[in-house]
Each structure stands twice: as structure tokens, then as C-alpha cells.
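Going by the order they are written in, the chains are A, B, C, D, E and F; count residues from 1 in each one.
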Amino acid sequence: MSVSFNQPIDSAVMPRCSQPATLMRLPYVKSAQDLDIALYGVPFDLGSTNRNGPRLGPAQIRDMSRLIRRVNPTTGVNPYNLAQIADVGDSKVNMMSLEKSLSHIEDFVAQITGYGAAPVGVGGDHTIPLPIMRGMRRSGYLDQAVAVVHVDAHSDTFDSLGESKINHATAFRRTVEEGLQDPARTVQIGLRGTRYAEDDIQGAYDLGMRVITMDDFEEMGRAAVIEQIKTTVGQMPLYITIDVDGLDPMCMPGTGAPEPGGIMMRDMQMILRNLRGLNVIGGDVCEVSPPLDQSGMTALNAANLLFEILCLTAETVARKKGQST
Amino acid sequence: MSVSFNQPIDSAVMPRCSQPATLMRLPYVKSAQDLDIALYGVPFDLGSTNRNGPRLGPAQIRDMSRLIRRVNPTTGVNPYNLAQIADVGDSKVNMMSLEKSLSHIEDFVAQITGYGAAPVGVGGDHTIPLPIMRGMRRSGYLDQAVAVVHVDAHSDTFDSLGESKINHATAFRRTVEEGLQDPARTVQIGLRGTRYAEDDIQGAYDLGMRVITMDDFEEMGRAAVIEQIKTTVGQMPLYITIDVDGLDPMCMPGTGAPEPGGIMMRDMQMILRNLRGLNVIGGDVCEVSPPLDQSGMTALNAANLLFEILCLTAETVARKKGQST
Amino acid sequence: MSVSFNQPIDSAVMPRCSQPATLMRLPYVKSAQDLDIALYGVPFDLGSTNRNGPRLGPAQIRDMSRLIRRVNPTTGVNPYNLAQIADVGDSKVNMMSLEKSLSHIEDFVAQITGYGAAPVGVGGDHTIPLPIMRGMRRSGYLDQAVAVVHVDAHSDTFDSLGESKINHATAFRRTVEEGLQDPARTVQIGLRGTRYAEDDIQGAYDLGMRVITMDDFEEMGRAAVIEQIKTTVGQMPLYITIDVDGLDPMCMPGTGAPEPGGIMMRDMQMILRNLRGLNVIGGDVCEVSPPLDQSGMTALNAANLLFEILCLTAETVARKKGQST
Amino acid sequence: MSVSFNQPIDSAVMPRCSQPATLMRLPYVKSAQDLDIALYGVPFDLGSTNRNGPRLGPAQIRDMSRLIRRVNPTTGVNPYNLAQIADVGDSKVNMMSLEKSLSHIEDFVAQITGYGAAPVGVGGDHTIPLPIMRGMRRSGYLDQAVAVVHVDAHSDTFDSLGESKINHATAFRRTVEEGLQDPARTVQIGLRGTRYAEDDIQGAYDLGMRVITMDDFEEMGRAAVIEQIKTTVGQMPLYITIDVDGLDPMCMPGTGAPEPGGIMMRDMQMILRNLRGLNVIGGDVCEVSPPLDQSGMTALNAANLLFEILCLTAETVARKKGQST
Amino acid sequence: MSVSFNQPIDSAVMPRCSQPATLMRLPYVKSAQDLDIALYGVPFDLGSTNRNGPRLGPAQIRDMSRLIRRVNPTTGVNPYNLAQIADVGDSKVNMMSLEKSLSHIEDFVAQITGYGAAPVGVGGDHTIPLPIMRGMRRSGYLDQAVAVVHVDAHSDTFDSLGESKINHATAFRRTVEEGLQDPARTVQIGLRGTRYAEDDIQGAYDLGMRVITMDDFEEMGRAAVIEQIKTTVGQMPLYITIDVDGLDPMCMPGTGAPEPGGIMMRDMQMILRNLRGLNVIGGDVCEVSPPLDQSGMTALNAANLLFEILCLTAETVARKKGQST
Amino acid sequence: MSVSFNQPIDSAVMPRCSQPATLMRLPYVKSAQDLDIALYGVPFDLGSTNRNGPRLGPAQIRDMSRLIRRVNPTTGVNPYNLAQIADVGDSKVNMMSLEKSLSHIEDFVAQITGYGAAPVGVGGDHTIPLPIMRGMRRSGYLDQAVAVVHVDAHSDTFDSLGESKINHATAFRRTVEEGLQDPARTVQIGLRGTRYAEDDIQGAYDLGMRVITMDDFEEMGRAAVIEQIKTTVGQMPLYITIDVDGLDPMCMPGTGAPEPGGIMMRDMQMILRNLRGLNVIGGDVCEVSPPLDQSGMTALNAANLLFEILCLTAETVARKKGQST
């Protein structure tokens, strides 16, 4: 363990409500050059087909992440002892252009990962895994299609929606088509919600993804879900992407398309905590829409999930450095 | 499948937030004459003994039903392929007179059901099943006491409350007394909450209803509850009435008398989805009080439950028409 | 006065909270063919450079317009006695494409005005006057550059913002460039708010508009502002466009870019009521962002301003028909 | 000055947020027998024709009255040095019956005023001045038609609304008809808001009331309004009744029928403070609907207005006792 | 059963929203002299290290306790038939001094318990069990270290935080050090949430407490947790202290340090209901921060938990009096 | 004008919602060493005697200051062309100790001003001007009692409150007693609100301050108020301190002790804009309590007032540097 790693602001000295908000109260740095893991935001929501607002997600998640401490209560992992981590701020986006924004996000992630830093981000709508994966591939951070754990109420594998090929309902078809994501190493978890058509999520099956609907989840039980993820993903480089509407609206009311009957935070936390040992190379938490939940609970829960992804990613970093956790 | 059935507005063409809000984005029609199922509202809350506001329920449920799509994710049922359905608007009510309002509601439902359309409504406080059943009987739509699945935190079978014989705490004693509801074919589910007196819900047992309190529910498990409903109801014409306070306040915060420790949306959805094959001839969702939940989650969940009742009713309609689902 | 004109639902019979919400409780009709005035919505916010949400504006304004009655308390005008008016629903928009949406809006307004109906709309962000004016011109409803009363905290006459030539900060430069709007017959009212640069609103002056900042407004007084509008506009066809951020944030908290120190509702109402006799041919109220004001006050006030524009437009219609008011 | 008068809880000793909430932090007593002034609540809203909720008004006004101190900053009046004042709790109401509730309220006020205590209450919807005046007359507290200062956006002098003769839109026609209120000694202030019909408020003029619409108010100016009240009322026993929608919705968002462009709190306070010397024998503040303003600002402002009425009433009491203020 | 015990206001006569709010609608009395159980509030939050607001907790819990009825639906216990209970108001606190406030709280509880009344209180932040136990000991109500069931997301057994030895993160180390609490008879339930350091909750184990983290809770199951409590506590005098953040934030959003994945209300209710027969001598519910949940759900749930503690305490009282329940 | 001064993030490139929030979107720097003006926060509220929450003020004001642009619309001043300005973060505070916090704040301000940077801060409760002035004096930044423009609903010149000599109701008596503030060069503006005692604000007069109550303000008119400030203050070093409750609650609902009938934002802005030329050496905006206004309007208005103080301070800096504005 290196004592030189960045540490969150010590809340016993500077209270939680103090200082400008950064992700996890870590330093805000302009470059990922010296980082193992770059936390970042993508204030983008032009891929939203429904109620919007996720452009304000990074700001509120930063604010609510003040409440997160350093050590994972189940695994004992303290990511700040394992890796050099900082908040590198937000990707540039263009508020009037989906296309330019996708390009900016791709550039931003390519730069981060070009330095070898693992990208752990907060959205933004759930279009952003597409430019994120493009950026990871372009920089050489990824040299193959990535395994994906995808938490969501919706499959996001439409071919198009609203005459548009790129939006938050199609992103994961695009990533597969572009060879960025390996569908055979993909698990979609939490699908439910009323559907446009009888074959709405058939696309995910046809692409070869392992789909665990809420009906499946309930039937299998949490332990089997965890096992299924491990089996499917193996030791492939794994990207974790969470659309917060995969969680139950009681946990995540502030999102554009809430669907009752979803994953509970406890289950989500325990699933992620049991993915230790997998080769997690980054992840994101998307679709937090602050204007739809001014209480901040959605953002708080998103910050907690971000911490879980951070712990997993930090362990991967540490393993690769030959450190023991 | 008939291509001539009304379809919800296509959200891929006209986004969810667009157009005047109707229930399920269906056409608003002035008469139920050509309908198999009439969706409608009852903006009435003069039967409330507690915090009020359900008069505003239909408006907010219409608005939140924008988020509901066409196909049930568990059963695969698409009600819009099975039956002619529309929003017939709201019953007339008189804001200063409980009595006149009951009469208006009865007339309204008698007219709907006189055309043979199945009534699927949103309240309004939970007094309204009384005039609804009266209307169904008067029109001849019902020619016998109906079986009832009644979801609620409270039994609503007091003889009187506050010197009043007709209100949201007494409605289901009245329906039995008037021969509208068959207590032997009735299941009450979700009862809990502190009580006025030791024998508070004894009335329901005495009337001969099958009562499943939350304590019972937990002990039995969901599957046994479903089985119990099927056994009790059989193939009798079945009316489903949901007071949203039967659900947990985490799901339904916006209601006058929330009681912690209730039914979760997932369980409620799965119970309803497992009632396929029963002879569902209508239903309602009541006690959504929008001013008590400006976030709209209560109304969104109510709209989701309305969809479940709609699916069941549409299958009944289709069976009767000799169609296969 | 014709008794055959559409009337709002009678709230003494069907209470305000009842029935699907339409603008002013008027009938929702699919075509403007037989209308004098078409009320409509534009659920579009892809021109927003800041906090978004106006795509949800038409829905909430419809809901809050339930509270508006029939007769103007200052002028005594009852628009429903003067003209055939209905809610024609919302323009189609494309949630992922600003360009396609502009085209849809233009088409929609061209169709409305092609029937000769005056367009009175609710946004949507304040980009929409551009496609609205394009549509009015294309249909021949307008055959010259229109006079404009433009209420706003911002001038919206930038040449570009965020590398974009068409958005809610540039729309009124575009309308002038395209010959749709006559800057010499334009009054901008309410400008204030901190500025990007020293010459931020210089563009409006350079284009030849009559600019009344809040500093000017206060110095002149309301009566002189009214006089200035009349002098500038004369009997030219006049379009009234209100960005609700022109009003004070106390009145209009739910908008993306609120600026303290703005026009009060009382003054705004009285200015509009004193424009009787001008040749008002349509108008809009924009930038209501419901998620930023779940109380609905912003939408309620927007509905009240819509009513004022409606009264003025109805009087114009009546005058043209040779009716007396 | 008597040192034995009840005093509000001393906030320097027991902080404002402490102790059960009573009106003005005064003792809660079961009888008005020894009081000069009885503060009380009427949790009634069955006379509402629109959005409801005022039944919850007394509770929230009690809570927000924690923030009111003892001395009027403009007049220097300390009512607790002038009269024996307490909170006598709420009138009984029947949640299902307008008629029974009116009877209960009348009884309650008759009892209070039968002891000679001046009634200063909080509603409740604006039907309640009718049973309040009935109670005052029945007990002999009033032996003639009372002068009234009536603040409201609406005249409340319809003959009927919704087939109902007694509700919050008709109460002040009934009081005149029953000889309880002297229309020639009545001033209505603040009328505005769109109207049902051209002659909506004509009734008030026809009854002989002095009507000051917002248009009149603005033209006259505040000083002339005050003068008009004094001239009209003279030294007649004066009852002050405030529907909070008479105030601007910026001050009073939490009410069923808000109308923009109303009286500001500053003007309202100064009007009331300038009525010193009039023979104020009681009053009320009505139509606070807490669910429509969870921030509590409406209730806080209502509590401030209640304090103004209390100061005026206490001075009347003191004058009658031969005390100097 | 004695008919002379205080009863909550009868909501069938005086509706729930009426009368000044007291805990459980019981009489507010100035002294605990004649009581078996004293309900009280502690509007104190100077021990908060995070987001504050619990000083406003007692007021909102009083208000929401209007919704609680008399009889426990699972156990059938009616505490108002078993003991003389009243609301004795709030402890004095000093808003600028933690030290003086602790002293006031201790005095207040010493006085209550000096009369032999069992103290059942609402906070306030979770520092207050320290002065409460001090007061119980000083009065002789407790003559030994008390057994404690402590529900919390955090262990509150730090030695110091923020250079402070007494605050809501250290209180239960102080109580043990001062011999007020028996760690061997203590069960902490619900611990989870990210931690300051790897050994964050080690203090609780080191002190000898029985710690049941959420991980333990889930593994053990609810029945085993109940059994463990019974085994650990035995027939020792038992104090129950609930930091509402021990519950899940879905149930208790309005608290300073919410941690996802906590105890659900249903489980909490059933645990408490299964502690019948234990020697419960008092308890508290803390950390409700009303400004963080203006909907009141947190306070409503807190009121429900207060009722559970009240039922257990009333049964203890009755047993000691030789009464049967 | 120097091009090297820090500039706010360019919102045309990085949208307003992006990047970690700092005051005015300026760089966050750890030291004031190279600054002309240091923007900072004080997340302290242990001096609150009422509803609390201002500890969260700096965070929300930072977030809402995203909406502020660069140039003053009335004066044309662009502070970022006049001075080197940055956000230096928050003062350390101790959440459990008023005394330690005061000491930390004094140290923090002494350090800032020791570098010669002008302190422009956001609170925090309105105790903080005391340690701020102490810090300014200790560092030598101030070498005499400072002139003060003090905006407030309350005089804050009690000798003690709640047995405490230092809190938000006494701070400005302490500053005078300690020779930090010159009462003869002090103007208090906006005083109103009910009072504890008849002589509540007499202290301010007795200390020799120029007191402008709201009654005075209204009588004098805004222009005379501005003139009075100029006359009283002259060219003395001037500190501007704004308790947001000096403004009307319609502008500033989110504060602990709102008083209706206060200063409007427009007037406040114009007063400040007319103080150009005075020798403004720093200032603060206090008492924003975010939990009491989750909409953020209070914080937005506070950020706007902060900008006004910043403009005045920057002009002072520029004048001293011999620059012309």
C-alpha cells in the first residue's frame, strides 16, 4: 500500500458539507496522466427519448457523494489504499448536438484511458456507454470486445427509436455491432417494465446476450445470478454499466423511465460485492435525473453504486500491480 | 387480432410527453358504445375521513400513464390486440354532495356497462366501488353478487364512521348488504396498520370474507396467496379493487392513510399476473392523492396496476369473444 | 356572438379536476380546419443550452389551465364568444434531432395556419418561434415580416452559442435574417440578468429592435412601456412571444435560466390587457420546465398569460369578422 | 397591563421548534370561559369546489406560528399585554357532511362567543364565515349585521355553484341574506382572476358591497384603500375575513384557486396595521391548503396575518376594558 | 383494564387533522407525576456531524402520529388500556450549547423517571440516549447498567469525532464507560454503510456488544435475529433506541446519514412485536430530520415505531402492576 | 485590463451543468496568496437559534452560481477583468463546537486577508461576520472599525439570546463592542418582523447605527435609501453583509426565520449597483438554508447578490491598483 495515494477529504476535519463537491471528495485534477482510476462525469442527455434531466446528474452525484466514506463494509476494501484515484471533471458535451457530444465523450475517454487510467463515470443518459467504449478501444485501453454487466429495466438493444439509430434505447446494439462489446460475455440484469412490442427484448437474446429479467432474477435467486455473471464473464475485461432504472423506483425515483418491481439496493450492492476477483476495467452509473428527485436519494444511491464499482476496479488495478488487497 | 382496435399513441412517433394525457394514451371518446373496455376516472373524495386529495387522482394517473407501454413483460399480453379500449373520461361528481356524487357515479357506470363495456377505473377515494357495483348491477352487466379481490391496508367494513354510513371505511359492508358483492367469493389482502379497536377487522371475517392480513401474507407466501385467490374466486365474475394503501408506503407515499409494512409492487404485479384465466370483469385503483406525492411515483405505480387489471380484463373479453390470446 | 363556438367544460357541472386536461378545458380536435384559433403545444427542448425540461411544459400547462375561467376580469373579454377555438394537440417532435423537430414544428404550424387559424401555443424552449414563424410564412398566413412583442430576460439574438446557430439563444436573430420578423416593429421587454460579455444584447439594438431592459422598464413605468409597444407595433400583424424567464423568478421559478428582478405577473397582465386593438395574430408562452417547479405555479402563471394572448387574438379574429366585442 | 395574561412560550428558553404546536405558542385550553380572545381552528373543506386540502390548514398554521414573536413591528402593539388569549383548539367537524359540519362550527363559535371571547380563527375553506357569523349572532355576541373587511380574489357571492347553495363561492350572499353581514358596511378587496361569466362579481355590487378589485386597488393606491375601509366601516363592529387567495400566489402558493396579480403581504400587513381604532370583534384566515405548499410559506404568511388580526382585536378588547394601548 | 386511562382523541369524533398535535393524540400534561409512561420530545441536534435538522423531529412526529390508531394489528395490544400515558412535551434544550442541552435533557428525564414514569421519547439526534440514560440513572429509575437494543446503520461507538467526545457518533461508548449501558446485554442491529476506516465498528465488538450487521442480519434471517435479542437481553431492564437510519432510506429518507440496504419497516415492526415479554423500560426514536423529507414519510414511520416501543413498554408496566394483557 | 485574470468556465464550451461546482465557476485554489479577491464559504450554523441548515449553504450556492454570467447588466462591470479572483474553498469548522468554529473562521479569514485578498464569502448563519471581522482585523487587512451595510429582517444586536452571548442574534453588538465595526458608519436595512419585546431593535439605535426599517424604507423610497447609505458610509472601508431574510420570503423562502414584507431582489440589486464608488473591501451573504428550499431559488438569488458584492469589491480593487473600469 502506498501512502501517497489521494485520499478523500477527511470528514472529521472538514465536515461533509464543506468544500466544493467532487466525486468521493477526491481531488479534482485536470489530467488522468498519473491516475490508476479516473472518476468523471458526462452531463449529457440528448439521447433521452422520454423525460430528461440526466445532464444534471454528475453535479448532484458529486454533491451526494460527500456522504460516502472510504471502506466497503462487506468486503473491507478501501480503494484509496489500492490505487491513485481522482475526479477528472466532466467530458465536454455540446448541448445542441448529439453527434458532437458523442465525439467529445469518445475523445475524453480516449484521453483518460490513453494514460492507462480506468474510467469510472457517472452520466448522463444511457447512450454514453457507446462513446465510452469507443474511446476505450481507440486509445488501446481495450483491444477486444469487452464483457459487460448491464443493469437496466430495459434492454437498450433496439435497432432504432424515433428514427434515430443512436440513443439510450439502442446503444448496446451499436456497441455489439461495432465489436466493442462481446454479447456472449454480456449479462443483462433487471429487465422488466411494459414493452413496446411482444419481441421488445428479443434483440438482446438474438445478439447472444445472457438476459436475466426480473422474473428470471426472482426465480433464480441472488446467489445464482451472481454465479451466472461469473460464469458468463470469466476473466474477460469487464465493464459494468448501471442504468439506475434497473433498480426499483423506490430506490431510484429520479429517473426518466422508472419501472416498478426492480432490483433493490441491498441486492445490487451484494451482487457487486460478490464480483470481487473479476477483471473489472471500468464502469458507469447513468440516468440519474436530479430534477425528478430533488431529495437527492437517487443521486445518493447512485454514488453508493459508484463506490462499489470503484472498489472492484481498484482491486483489479491492485492485482495488476501485483499488490495484494 | 383485429387491426381496428384502438392503439395507444405511438411513442416512437409522438413522444411520451406529448399530446393531452389520457389513460394509457388511448383515444378519449364520449361514449362506451363501441367499447369492450372503458377506462375512466372518478374525481371524488367526499368519502375521505382523513387527509384528502384523491379527487385529483385521475388527472395525475392519466399523466403518469404516458410511461406505460403496450405489452405485459411477464405474461406477454397486449390488451390492445384483444379488445376495443378507450378512455371515456370522468364520471360527473358533485363537489359538495356525497349523495349526489354517488348517484352520478352509479349512473355513469350503469351507462358504460349498459353498453356491455367492462369498467376499469381510477379513483377517487375508496368509497367508489359501492356506486360502481350499483351501476354494474343496475345495467344488468352484473346479475349476481360479484367476486372481489380487494387489496387494502384496511378492511373498509365498518358499519359506520363519523356518524356516516357511506364512506371509504364502510363501502364493502354496504356492497355486501346490498347483495352486490359475494363475501364468500371475496379475498381481502394486505390488511395491517394500527386499529381503532380490538375487533376492527372482525367485521370482514363475520361477513364471511377470506381475509389475508400482512401477517398472513408473510406466513403463507405469495404463491399460496395466489392459490387462495383462485380457490376462493373460482370462475365467478371477478372485480378487482385496489386501495393503493394496500401497497407499501415506499411504493405509494401519496395516499391519505399510509401504513408501513405493506405489499410491494413486485408482489402485487406478480399476484395480478397470476390471475390469468379468472373471469375478470372490471376493477379500479383508488386513493391516489397527488398533492401528497408531487413526484408522481404513487400515480405511476397506480397506472402500472391499472395496466395489470386491464390485461386481465382484456383476456376475459377475448375469451368471451372466442379469441385466443 | 355565435352560440355554436366551443366552450370550455363547465366547471359547475364537471369540476375543474375532472376530464382529460386540454388547454383551457376546450375540446381536443385533430384538425384546425374549422377553427379561428388553434391552441397547441410544442414539447421540444433540444434548443436548451442550460437546465432542460420544457418538453414537459405543454402537459403541465394543460393541467394547470383547468383553473382558468372564461372571462377576462379587466377587459371583460370572453374569447369563447368571439371565435371558434380548440386544442389541436402537440406538434410532432423528434426527441433526438433538433433539425427534424424544427421541420415538424414548421409543418405543424403551416398546416394550422393554412386553414386560417391563428396559432397560440405553449412550449417548449424558446427556439420554437423560429419554426412557428417559418410555418406561418410558408402557409401564407403571414405575407410579410411580423411585428413582435418579445418578453424575455435575455435577448436571444446571439449569432451562435455552443457552435450552434439555432437554439434558444439565437432564434430571434434567425427570424430577422430570414425576413420573418420585422426588427423595427419589435419590442423586447424585460432584459436583465448577468451577461456573457459587455455587448451581449447589443445585437438586438444593432438589428434595430426597440429594447426595454428592466432598467428601462423601471425608469419608464408601465404606462410608457405600453405606449411604446403601441407606437412601435402600430397596426402591423403582431406576434406575442413570452419566455417565462422574462417574468420574475418569484412568479416563474420553474425555468432553466431564472434571473431575479424581472417583470411581475400583475404588470405583465396589465401590459397585455392594454394591447387591445392591436392586430394580434398569434403568440406563444415558452420555457416552462415542470421538473424545476413541481408545485405548478410556473405552469399556472403561464396558463394565465396564454389566456391573455388568447383574448387579444380572439378580439382580432372578431374584428376581422366584423363582429363587435 | 396585567401580568397575569397568558404569554406565548418564551423562545429564548424553549426554542421555537419545541413543544406541541399551538396558535402563537399560547396555552391550549378547553374552554373560552376566561378568555378575551379565543384563537381556534376549523379543519373543514367540504365547501371546496376546486382543489382541496384546507382541512389540514389549522395544523400547519399552528406549526408555522412558532415563528411569530410578540410585538407588532409597525404599531408596537403587544396583544399579550392587552388581553387574555389562548388557543381553544379546533371546532368539531364531520368529514362526510357539510351540513353537520356547519352546525358543529356554529355551535363551537356560539359557545366561544357566549363567554364573550372574541373569535379569531383559521380555516378551513372559505365557507366557514357563514357558520361563524351564525354562531356569533346566536350567542348574542353580535346583535346586528356585522361590518366586514373581506380580502379575496373572488367575491364568493354566487347564489349557487354546482347545484349547491352553501359553499366557498356563495357564503357571503348567505350571510347577507340571513342578516348577519351588513353589505353597506362591507369592503371586498383584491378581486381579480378570470371569471365564469361577464357578471360574475356583479352580485357583490348588487348586494351593496363596496368592491375594490385589484384594478381599483392599483388605481386608488394603498392609502386610499385604507381610507375607504375606514369610511365604509366606521365604528361598526367589524369582522375581518381573509381568503389567502386574495394575496398574490407568490405569497400564498398553497391554496386551491390561486390567481396571479394579487395583494402583496407588505400591503396587506400595512392595510391591517392602519385599521387600528376600528372596532374589530374577530376574524379569520382561510383557504390555506398545506398539501399544495409543503414548504409552509403559505401557512407562515397566514400566521402573520392572523397576528395582525389578533393585534387589532386585542386593542378593541383593551379599549372596551378602558385600558389604553 | 382501567377506564380512567388517558385515551387518544377519538378520530371518529374529532378528525385526525384536528386539534393541536401531540404524540399519539394523547393529552399534553406538564408533569409526569401521575403517569406510567411519559411520551416526550428532544428537539436537539447539536451532536450532528453531518446534515442536520433533527431539532425539528419532535414537531413533525407529533403531527404524523395523528395517523396512528390505538391497537397493534399483530399483537392486539392496546397500550391505552394498560397504562396511564401522556405527552409531557419537550425537554428544554439550549440551541447554542451542546453541554447545557445535555444537562437539560438529563434533568428532564430524571424528573420524568423520578416519578416512576417510563420514558419513551423522540429525538433529536442520536446523542440523546446518553443524557437520557444519565437521567434514568440519576433518578434511580435505573439502578444498574441497562440492556439495549440499538437499531442503527452506524455503531456510534467512536471514541471521538471531530475533536469531540460527545456527539451522535460516540454516545454509546460514553454510556458504556459511564456504566449506564451493559454491553454484554446490548444488541446492535442494522450496521452497514461505508466506513471511515477498516476498524470502524470494531469498537462495538471490543466493548463486548452483540453486533448484527446487515450482512449478519441477512444471513441469520429475521427469526434468528429476534432469538438473538431475546438470548442476549434476557429479563434485564431493556431500553430500545432506534436511529432511523438503521432502517432503509426508502423508509426513512429524511435523515442526515442515510445508507442504502437497511432494515425494512415490516421487519422492524415484526422484530419489535416479537419482543413481547421482555422487560422494556423505555426507548427512543432519533435522527428524523424533517427538512430532508417534507413529505413526512420518515416522521410517519418513526411514529409507527414509537407506537411499537410504546406497546412493549405498556405491557411491561401492566405486568409490573400485576395486570394481564 | 489584464488577460491573465482567472475567468469563469466558458459556458459556451463547457455547459453550465458541467464540472465540479465552484463559486462563479472560477478555479478552486488552495491559497489566496495571489488573489485580489477570495471567494469562500463558511458551512457553519451553530449560531442558529431557530430552524437550521445554513451549514449546507455554501454547497448549494456554489451549485446555483453556475447560472451567473460575467457582466453586470446595469453597471457593465465585469469583475473578472478587474481583479484576480478564485474560490478558496471553505473555512474549517467544528460541527460540535461554536467556539472552535469561530476560531477556525477567524484564522481562515486572517490568512486570506493576510495575503491582501478581499474576502467575499457565503454562510453559514449570520454569526459569521463576527469571526470574519476579527480575522480581517488580526491580519491587518482592517486597521480600524469598518463601515457596514447590513441587510437583515432582524437587528442582530441583542446582548444575549438563550443564555448565549455569541449567536446569530447578537453578532453585531459584539462587533461594535470589540471595535471591529463603526456603528456611526453602519446602516441596517430591512428590519421588520414581529419582535420579542417592545425595545427589540432599540439596541441598534442606542449603539448609534442608522436603522432603516421596512417602514422607513417604504416611506423614504429606494433612492433616498441609497443616498442615506452613501452619506453614512462615505469613503470608509465598507463591508456588506446580507442576511437573506432581509429580502422578502418570496425571494428567499429557504431561510430559518423568514419575515413577510421584505426587500425585493430588484430593489436589492439596484441598491447595490448604486453603491459603485464606495470603498467596498469585502462582504458576505448568509442564512441560506438549502433543506428549507430544495428548489434552489434562495441559493440562486444569494449567488446573484454575491455577484453584486463581487462587482463592487472588484471595482475597489481596480481603483486601488490605479486601473480604470
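What we mean here is this: a contact is a pair of C-beta atoms (placed from the backbone, for glycine too) under 8 Å apart; a residue touches a chain by one contact, two chains touch by 3 or more.
In this text, all values refer to a predicted model and were calculated from it rather than measured experimentally.
Trainee: Going by the touch criterion stated earlier, list every chain that contacts chain E and also contacts chain F.
Mentor: The common neighbours are A, D.
Trainee: Enumerate, in label order, the chains that touch chain B and chain C alike.
Mentor: Expected: A, D.
Trainee: Quick check on the interfaces: E-F is repeated by which of C-D, A-C or B-C, going by over half of contact pairs matching?
Mentor: It is A-C that reproduces the contact pattern of E-F.
Trainee: Copies chain A and chain B touch; is their interface built from the same residue numbers (over half shared) or different ones?
Mentor: Answer different: the two copies use largely distinct residue numbers here.
Trainee: Write the angle of the rotation needed to overlay chain A on chain E, where the fit uses Cα atoms and the result is rounded to the nearest 5°.
Mentor: Resulting rotation angle: about 120 degrees.
Trainee: Could you work out how far the Cα centre of chain B sits from that of chain F, in whole Å?
Mentor: 56
Trainee: If you average the Cα atoms of chain C and of chain F to get two centres, how far apart are those centres in Å?
Mentor: Chain C and chain F have C-alpha centres separated by 38 Å.
Trainee: Tell me, which residues of chain B touch at least two other chains?
Mentor: Each of 13, 15, 17, 49-51, 55-56, 95, 162, 250, 292, 294-295 in chain B touches at least two other chains.
Trainee: If each protein chain is taken as a node and each touching pair as an edge, is the resulting graph a line, ring, star, complete or other?
Mentor: Shape of the chain contacts: other, as it matches none of the listed patterns.
Trainee: By the touch definition up top, name every chain pair that qualifies.
Mentor: Those chain pairs which touch are A-B, A-C, A-E, A-F, B-C, B-D, B-E, C-D, C-F, D-E, D-F, E-F.
Trainee: Name, in rising order, each residue of chain F that touches chain C in their complex.
Mentor: Against chain C, chain F makes touches at 11-13, 15-17, 67-74, 76, 78, 250-251, 264-266, 269-270, 295, 297, 300-301, 304, 307.
Trainee: In their complex, what parts of chain E are in touch with chain A?
Mentor: Spelled out, the residues of chain E in touch with chain A are 49-51, 161-162, 191-198, 200, 213-215, 218, 248-250, 253, 257-262, 292-293.
Trainee: Can you check the complex and tell me which residues of chain E touch chain D?
Mentor: So the residues of chain E touching chain D come out as 13-15, 17-22, 28, 41, 43, 55-56, 58-59, 62-63, 66, 87, 89-93, 95, 294-295.
Trainee: Would you pull the chain F residues touching chain E in the complex into a rising list?
Mentor: 45-53, 55-56, 94-98, 100, 162-164, 166-167, 289, 291-292, 294
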